[in-house]
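Listed after this line are the structures, all set down as structure tokens.
The two complexes that follow have chain A in common; it is paired with chain B in the first and with chain C in the second.
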Partner chain A sequence: MTELVRVDNVSKVFDISPPLWHRVLTRQPKRLVQAVDNVSMSIEAGQTYALVGESGSGKSTLARTIVGLTPPTSGSVWFDGALLAGATHKAVAPSVRRQVQMIFQSPYASLNPRWRVGDIVAEPIRAFGLSDRRQASRRVDELLEQVGLASSDAARFPHEFSGGQRQRISIARALASEPRFIVCDEPTSALDVSVQAQVLNLLKQLQRDLGLTYLFITHDLAVVRTMAHQIGVMKQGALVEAQSADALFASPQHAYTQMLLDSAPIVSPKASRSGQL
Partner chain B sequence: MSIGQRLYQWWDSDFFYAFRTSPVAIVAFSVVMLLFGGALLAPLLSVMDPFDMAALNLMNGFTPPMQPNAFTGDTFLLGTDDQGRDLWSAILHGLRVSLFVGFSAVGLAMAIGISLGLLAGYLGGWVDALIMRVADVQVTFPSILIAMLIFGIARGLLPPEARNDFAIWVLILSIGLSEWVQFARTVRGTTMVEKEKEYVQAAQLLGLSRLQIMRRHILPNVMGPVLVIATITLALAIIAEATLSFLGVGAPPTQPSLGTLISIGQDFLFSGEWWILLFPALTLLALALSVNLLGDWLRDTLNPRLQ
Partner chain C sequence: MSALEVRDLTVEFPTRRGVLRALDGVSFDVEQGEILGLVGESGAGKSMTGAALMGLLEPPGRIVGGSIHLHGESVVGRAQEFRGRHFGMVFQDPLTSLNPLKTIGAQLIETIQWHFNLGAQQAELRARNALAEVGLDPDRLNAYPHEFSGGMRQRVVVALALSAEPAVLIADEPTTALDVSIQAQILDLLKALCRERNTAVILITHDMGVVAQTTDRVGVMYAGRLIEIGQTDQIINRPAHPYTQGLMASTPTLAGDVSTDLYQIAGSMPRLDAIPAGCAFNPRCTHVMPKCRSERPPMTGGRACWLEATHD
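Moving on, here comes the complex of A and B:
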């Protein structure tokens, strides 16, 4: 197994104190929130790393830090030996940035409502100058078909699609720059249960076909079960446990992980007797 | 898609349905279009060129509407002013000046307000604080005062012989600079909401510059409310122009706007020549009222929370 993404001692501290003049006048101390606390992890190529934890555990912040949307306070993130995010404001090479994409939680806010689907999917191709105009439109058709939409959908606007279809458009956009690593921030939590399975299956199939590596942020343990090879458990900004999926479900080491597994709803009484979720 | 289909789609759209079923909107729109048409076709519709001093006959001065002049026997639809200028022609040409100044001033205010609002909302921090404090200071002055201030400075800077030629542009500049705050505030607010949305983060991931994101992603999404404010500001700008011209600091008498005409008419109100004031004033009222009503209707229609 080869390592694709390495996270080195990443911390993220948010300064949420009131404006300086206000703080000085009212003699309040600085207020800091430690969203991510010295996290190190390693993601293997071609695998899915699931990051689980309750709301506010810092998993989304960690994901945003890894892709470079928010710079870490300290530590660094490496992609295939190249710097992806660091505390120093060093520019990330476009060739590296192109290989990392993100799929967002809300299928409604993640697509610009004023843009046609074709333009949305073509944007990464144009931004990285991957092909000329005519090739780009052919590539868009190809991508839309790859995620289970029709090439004629390129002329429509996002509001004409359902939540699941919009998430497919997001996936098509993420694939447009031919990435090797995709961060999925709760990509199915806003969808109906029936549609969730379709989107998860699509992601799995794309992983098989294109050899993608995923970082999967979720709080849904059923999703983790179907997707993950490796699992990291976060609590209050720290990574408290990291194991292979089988090992973690079989014998959770940390007390918090055990609690998390116990709190998941049981699907059927039969499954609960045999000790499965 | 054929033109017929497109037309049908437009006719069938929610927006056009709301228009078809609102009598106020239809009447206001018709009045605005009528006045626009009048202003556009002013040279064809008018009896004389009111700017051409040589064409004026002083003997025709103070002719009441629809009555033959006692000396020359000429009849004028809306009467004449003290110089013998046909009021109908003067109003049509005045409407031109008023509308031109109004649209240009709103265009200027929009350009300034949208740019500053986008910068303040997207960049935040000290840029936001600076722009919004300037806006706060500006709204504490009445906009007419700001306009008069700019007008005064411009008059001081310009040589006397150029003042009349540049009067219209100074007018546009002064009204534009006094009306940008509302655009900036609205755009800033909408921008702050939009920039948190994930499509903006997706664009950031592609390494697009902040300027590109503002222009290509956020700008199209803030234009809805801007359109509504632009309509209401247009009415304000027309009234501001009329007020400034009435006060004598706006359009020069050689190039009269509606405000200049009202200002001229005001001198003769108590001596019995009521028509010189009344007709330009009625035109201004109709224009400002219908543009305002149209703006209100647009706001109600485009606001999803009120539907």
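Moving on, here comes the complex of A and C:
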């Protein structure tokens, strides 16, 4: 097993103080929120690392920090030995940036409604100067087919698609720069069960075909079970438990993990905790 | 007699491009003290059913056929008399169902005084009791909604909905906006309160886990129709309709593993303007027969399907 992504003591502190003059006049101290608290982790190539935790536990902030959307307050993130995100304002090489992509939760908010699907999917190709215009449009067709859409869909607008289809467009866009690592932030929590199954299976198939590495963020432990090789559990900004999926589901070490497992709704009523259905 | 009897409920939306049938012949009963789950994917008509019962259909939508009876009394066309008093409602988002400018005490007391002829002191006493019943400190009557967490707000909404002692409580995705640990608390609370008061509950959700944990019976909806209804245990462990079978199989479980793909139903639910003839599920069904494409299967023995029953 080779490590692809390494997170080294990453912390993220947000300053939520009132404006300076207000603070000085009312003699209040600065107010800081520790969203991510000294997190270190290692993600193996070709595997899926799932981050779980409840709302506000810092999992999305950590993900945004890892891809470089928000700089960490301290610590650093390394991708295949190269700097991906750090507290110092060192520029990240485009050749590294290209290999890291993100899929967001809401397929309604993450696609520009005024752009045609073809332009949306071609944007990373253009941004990184990966190929000329003619080749790019052929590549877009290929990407759309790869995620189960038709190449003719390139001429349509996002509003013409359902939630699941839009998430497929997001996946095609993420694949456009030929990344090795994709951060998926709750990619199916806005989708229906049958559509969720389609999107999760697509992600698994792409992982098999392209050898992708995923950081998969979710609050749904059943989804984690079908997707993750490694699991990190976050609580109040800190990583409280990190284990292989099999070990974690067999014997959760941290009380918080146990609590999450206990409160996950169980689909079979025969196995229900209360037994009083 | 059942507390609530819904027969052939049909709701239509006239649009410029023709009439859309959002609910098509939906029938079910709910007993007093029973929790009926309504499940389905977005657009299946489960929220529409709740809205039709409450008389909250957005115009131009209207009930064009069927009946709703509460203890034998017809409700259709008299929703205002029943809403709040006999039909309580809990919505998905607790923040938007509370008035941010009024204390929760003021909102509770307003509701109680609207439904019962009570003086200020008695109403306040009742409001305090209502808060205590949902597990909140009665002294927080003077707090505003923003001072509560999401789970506590949903408790307030439950207290509001139950304060008029309705015969039927309709909970539309009451825990979708909440974390799993809070979700379990709210579902347990709903269950306990309704058992205690013998309230009939319709729990609308897309989450099979919530259904398994909370309901006595479940109705499965697809494209505006009820396609299967039965005991929760039976629907989850031995679903009889091919759609329910597919839905159950595609739901991720803690017993799954990384190396196997989830079961996948091909395609997606039809839009309301393109519902196929016959059984609405036929284009996606793996057991489709010629009859399925021409004739709509009636609800027999708890499911609407032409396929010969394989068990039971």
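Just so we're on the same page, the second predicted complex is superposed on the first by the 269 of 277 C-alpha atoms of A that agree within 3 Å, B and C clash if a C-alpha of one lies under 4 Å from a C-alpha of the other, contacts with A are read in each partner's own complex, and residues count from 1 in each chain.
Going forward, a residue touches a chain if its C-beta (ideal position, glycine included) is under 8 Å from a C-beta of that chain, and two chains touch if they have at least 3 such contacts.
Keep in mind the model is a prediction, meaning the values are calculated, not measured.
K.L.:
Is the arrangement of chain B and chain C around the shared chain A a clash or a fit after superposition?
P.N.:
In the arrangement built by aligning on chain A, the partners chain C and chain B fit side by side.
K.L.:
Regarding the shared-chain residue A:245, is it in contact with chain B (first), chain C (second), both, or neither?
P.N.:
A:245: touches chain C, not chain B.
K.L.:
Between the C-alpha centres of chain B and chain C, what angle is opened at the C-alpha centre of chain A, expressed to the nearest 10°?
P.N.:
With chain A as the vertex, the angle is 80 degrees.
K.L.:
Mind working out whether A:6 is in touch with chain B, chain C, both or neither, as first, second, both or neither?
P.N.:
Touch status of A:6: no partner.
K.L.:
Is chain A touched at more residues by chain B or by chain C?
P.N.:
If we count touched residues of chain A for both partners, the winner is C.
K.L.:
Between chain B (first) and chain C (second), which, if any, makes contact with A:110: first, second, both or neither?
P.N.:
first
K.L.:
Please indicate which partner A:67 is in contact with in the superposed arrangement: first for chain B, second for chain C, both, or neither.
P.N.:
The answer is first: A:67 touches chain B but not chain C.
K.L.:
Tell me the contact category for A:201 with respect to chain B and chain C: first, second, both or neither.
P.N.:
second
K.L.:
Touching A:254 in the superposition: chain B (first), chain C (second), both, neither?
P.N.:
neither
K.L.:
Quick check on the superposed pair: does A:220 touch chain B, chain C, both, or neither? Answer first, second, both or neither.
P.N.:
The answer is second: A:220 touches chain C but not chain B.
K.L.:
How many Å separate the nearest C-alpha atoms of chain B and chain C in the overlaid structures?
P.N.:
11
K.L.:
What does chain B use to touch chain A in their complex?
P.N.:
Going through chain B, the ones touching chain A are 197-199, 201-208, 217, 220-221.
K.L.:
Tell me, which parts of chain A touch chain B in their complex?
P.N.:
64, 67-69, 92, 94, 97, 100-102, 104-106, 109-115, 120, 123-124, 127-128, 170, 173, 177
K.L.:
What part of chain A is in contact with chain C in the complex they form?
P.N.:
48, 54-55, 162-164, 192-198, 200-201, 204-205, 219-223, 225-229, 245, 249, 259-261, 263-270, 272, 274, 277
K.L.:
In the complex, go through chain C and note every residue touching chain A.
P.N.:
41-42, 179-181, 183-184, 188, 206-210, 212-213, 215-216, 232-233, 236-237, 246-248, 250-258, 260-265, 268
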